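Pasting the structures in now, so scroll down.
Next come two complexes built around chain A: one with chain B, the other with chain C.
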Partner chain A sequence: MKTTLALLTMTAALFTLPAFAADTLFADMGGQPGIDRLVDASVDNYLADDRIKATFDESNMDRVRAEFKVQFCQVAGGPCSYSGHNMAAAHKGLHLTNADFNAVVEDLQAAMTSCDISFATQNRFLARLAPYQHQVVTR
Partner chain B sequence: MRVVLGASVLAVLLFSQAAFAEDVSPGMINFDEGRLLATGGVSAVEGEGGGGLAPWALITGYGTRDGVGVTLHHTYVGLPDYQLITPGIAVGLFDRLELSYAWQAFDTEATGAALGLGQGFTFHQNIFGAKLKLIGDAVYDQDSWVPQIAIGLQHKENDRGAVIAAVGGKGSVGTDYYVAATKLFLAQSLLANVTVRTTKANQFGILGFGGDKHNSYTAQIEASAAYLVSRKLAFGGEFRTKPNNLGVAKEEASFDLFAAYFLNKNLSLTAAYVDLGNIVLHDHQDGVYLSLQAGL
Partner chain C sequence: MKNALPALFLLVSCAAALAADPAHTVVQSGRAFRPAEVSINRGEALTFTNNDEFIHQIFVSGLFDSDERSPGENLTENFTQSGTFEVHCHIHPKMKLVVHVK
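The block that comes next holds the complex of A and B.
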C-alpha cells in the first residue's frame, strides 16, 4: 500500500515537474547575446562546410542570420516569436538528405562548443531541434 | 579465414569508394558517413550493433537511409578461468537492415584439463546475425516517447557438439530471436535500451543449446543505459539474463559497466568491467572486456 502510494506520488511528481520547472535553457545559452553569437558562429560553419554550403547559394545571408536569431531564441524558450518561414516551407525544394541535416547538426555542435555552451546544455537545445528532421529532410 | 575474406572484401569496397568518391553515381555503394557520432552504438559480443552484452535497435555504422555503413571489430574478454576472443564484421544497409558475422573462440585454459578435455580446450562459434529496424528513430523523435524498435535473429553454430552432448546440451546449433527498443533521451544526455530475447543458448551458445534440465525457448531480458559525457565519451551499464538449462552447471545473469570512447566515426574503443557469474566449475567469472571497432 505504502509502495503504491509512493509510486503514485512519484509518478505525479514526474508529470508535474516539467510543467513547473523554470525553463532555463535561454539563460543557460547566454540569453540573446549568446544566441546571436551562436547563430553567427554556426552560419559561418555552414558556409565553410563543403557538404552543405551550396544550399545557401541563393540565400540572403543577412536575412538568414536574422531569422535564425529569432527562431533559436524562441526554440530556447526566450522572449521571441518567430514569424518567418515555417520549417517545411523554408526547406521545400532544397531536397535535403539526412546526411545534410546531420552536417548542419555537427556544424551547430561545433559552434556551440566554440561559444562555450556545455555539452549537457547543447543536448537540451538539440533535443528541441531534432524533431524538425521530419520536416527538413525531404529526400 | 572468413574474417580475412571479409577484410579483403571491405578493402576492395573502400578502395572503389575512394576512387569514385567525387562521383557517386546510382548503383555505387554510398558510404555517406552521414549519421551522427556514436549513433551506431558499438559492436556487441555477438557481433551486432549494440552495447557490449545486448543488441540495440540502432543499425551499425554511419550510413544514413541513403547509404551503407560497415564495421569491423575485435573483442577480448579476460576472465579468471576463461578467455574469449571474438572478431567480426557487420554491414548496415540504408539505416534499416543490419547483417553481421562474428567468430568466437572461448578458451577453457586450465579448466579444460580439469574436465579431461585438455589444457586450453577451445569452443568455437560462428554467429550470423540479421536485424531489421521497424519503427521510430532513437535520435530524431525527441518529441515522442516512441523508441526505435528493431527485430533480429542470431544463428549460432558451435564446433564442439560431442562435448556439448556430454555435459547435457541438446544441440550445437541454435537461433536466438529478439526485439530491441532503443531511445535517446537527448535533453538528459541519456540512452536506454531494452531487449527481449527468446533463446535456448547455454552461456551464449558456447555450451550449446537446450539442456537436460530445460530444452525449450525462454524469454530473457537485456537492459542497457548510457550517459553521454561528451560527444565522444559515454559511460554506462548493462544487464542480461540467461537460461539455466544444464544440470551440470548453474548459469547466472551477467552485467557490465562500460566506457565507450569514439575517437571519430572510424574508430571507437570500449572498455568494461564484466561479470558473467558462474561458468562450469567456477563461480564469479568477472574481468575485463575490451573492444575495438573500426568502420564507416
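The block that comes next holds the complex of A and C.
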C-alpha cells in the first residue's frame, strides 16, 4: 500500500512538474529588468506611431509605463499581481479599433526584437496577450 | 445705458452660475472637470461625479489624493482650508479644476 501511494505521488508529481517547469516565459524575457526595458521600448514606439499616438494624448505616461510593467510581468508569469482596473473598463472610452490593436501589437513586436527577445518567446508572450483583444477593441 | 444693461446681465449671470449649485457638484466628463472653476466656503465639500467613459481620481498636492472611481461613481471631498487650489487627476494630467475656498 505504501509503495502504491508513493508511486501515485511520484506519478502525480511527474504530471505536475512540467506545468511549472514549462512556464519560463518571465525568465526568457529577461525577468523584471527585461520586462521594464520592453515596456519602455514599446511605449516609446506607441508615442512615435502616428496611427495610435493620439490615444495617449491625455494620459499620464509615467503611470501608463508603471502599470504596463506590472501587467506584463504578471502576464509573463512573473511574481507580480496587477491590481489595476480590468482591460475593458480601462479602455472603454478610447473606442479602439482592430487597426489600433494591430498597431499596438506591431509596435510591441518591434520593441521585443529591439530588446533581443527571441521570436519564439515573442510568440509565447503575444499568445498570452491575444485574449485581451476582445476586451479593448470596442468598435 | 444700452451698453450697461448687457454688461450688468452678464455680471449677474456669472455670479448666478458660480452660486447656482448649492450641492457643489463637479462633473468629470470628456476628460475634463465641468465647471473648470468653482467657489465654495471653507468647510464645504465638493462632490465629483464621474459621468465620463474613463476612470478618474482627484488630488490636490499636499491635501488629498483619492482612490480611482469608475464611470457612474461619485466621491466627495471636504475643503477645510481657505485659498485657491488646483484639483488634478493622476490618470489624465491635463484635467484641472480651480477651487476658490473663501
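FYI, the second predicted complex is superposed on the first by the 117 of 139 C-alpha atoms of A that agree within 3 Å, B and C clash if a C-alpha of one lies under 4 Å from a C-alpha of the other, contacts with A are read in each partner's own complex, and residues count from 1 in each chain.
Methods note: a residue touches a chain if its C-beta (ideal position, glycine included) is under 8 Å from a C-beta of that chain, and two chains touch if they have at least 3 such contacts.
Fair warning: this is a prediction, and the values are worked out from it, not measured in the lab.
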{"item": "When chain B and chain C are modelled together on chain A, clash or fit", "value": "fit"}
{"item": "Of chain B and chain C, the chain that contacts the larger number of chain A residues", "value": "B"}
{"item": "Chain B versus chain C as contact partner of A:Leu126, first or second or both or neither", "value": "first"}
{"item": "First (chain B), second (chain C), both or neither touched by A:Thr24", "value": "neither"}
{"item": "Which superposed partner A:Ser83 touches (first chain B, second chain C, both, neither)", "value": "neither"}
{"item": "Contacts of A:Ser59 with chain B and chain C, given as first, second, both or neither", "value": "second"}
{"item": "Chain B versus chain C as contact partner of A:Lys92, first or second or both or neither", "value": "second"}
{"item": "Minimum distance between Cα atoms of chain B and chain C in the superposition (Å)", "value": "23"}
{"item": "Chain A contact footprint on chain C (complex, rising order)", "value": "31, 52-55, 68, 70-71, 90-94"}
{"item": "Contact footprint of chain C on chain A as seen in their complex", "value": "58-60, 63, 85, 89-90, 92-93"}
{"item": "Chain A to chain B touching residues, read off their complex", "value": "97-100, 102-103, 105-106, 109, 119-120, 123-124, 126-128, 130-131, 133-134, 139"}
{"item": "Footprint of chain A on chain B - complex, ascending", "value": "32-36, 64-67, 95, 137, 139-144, 186-189, 228-231"}
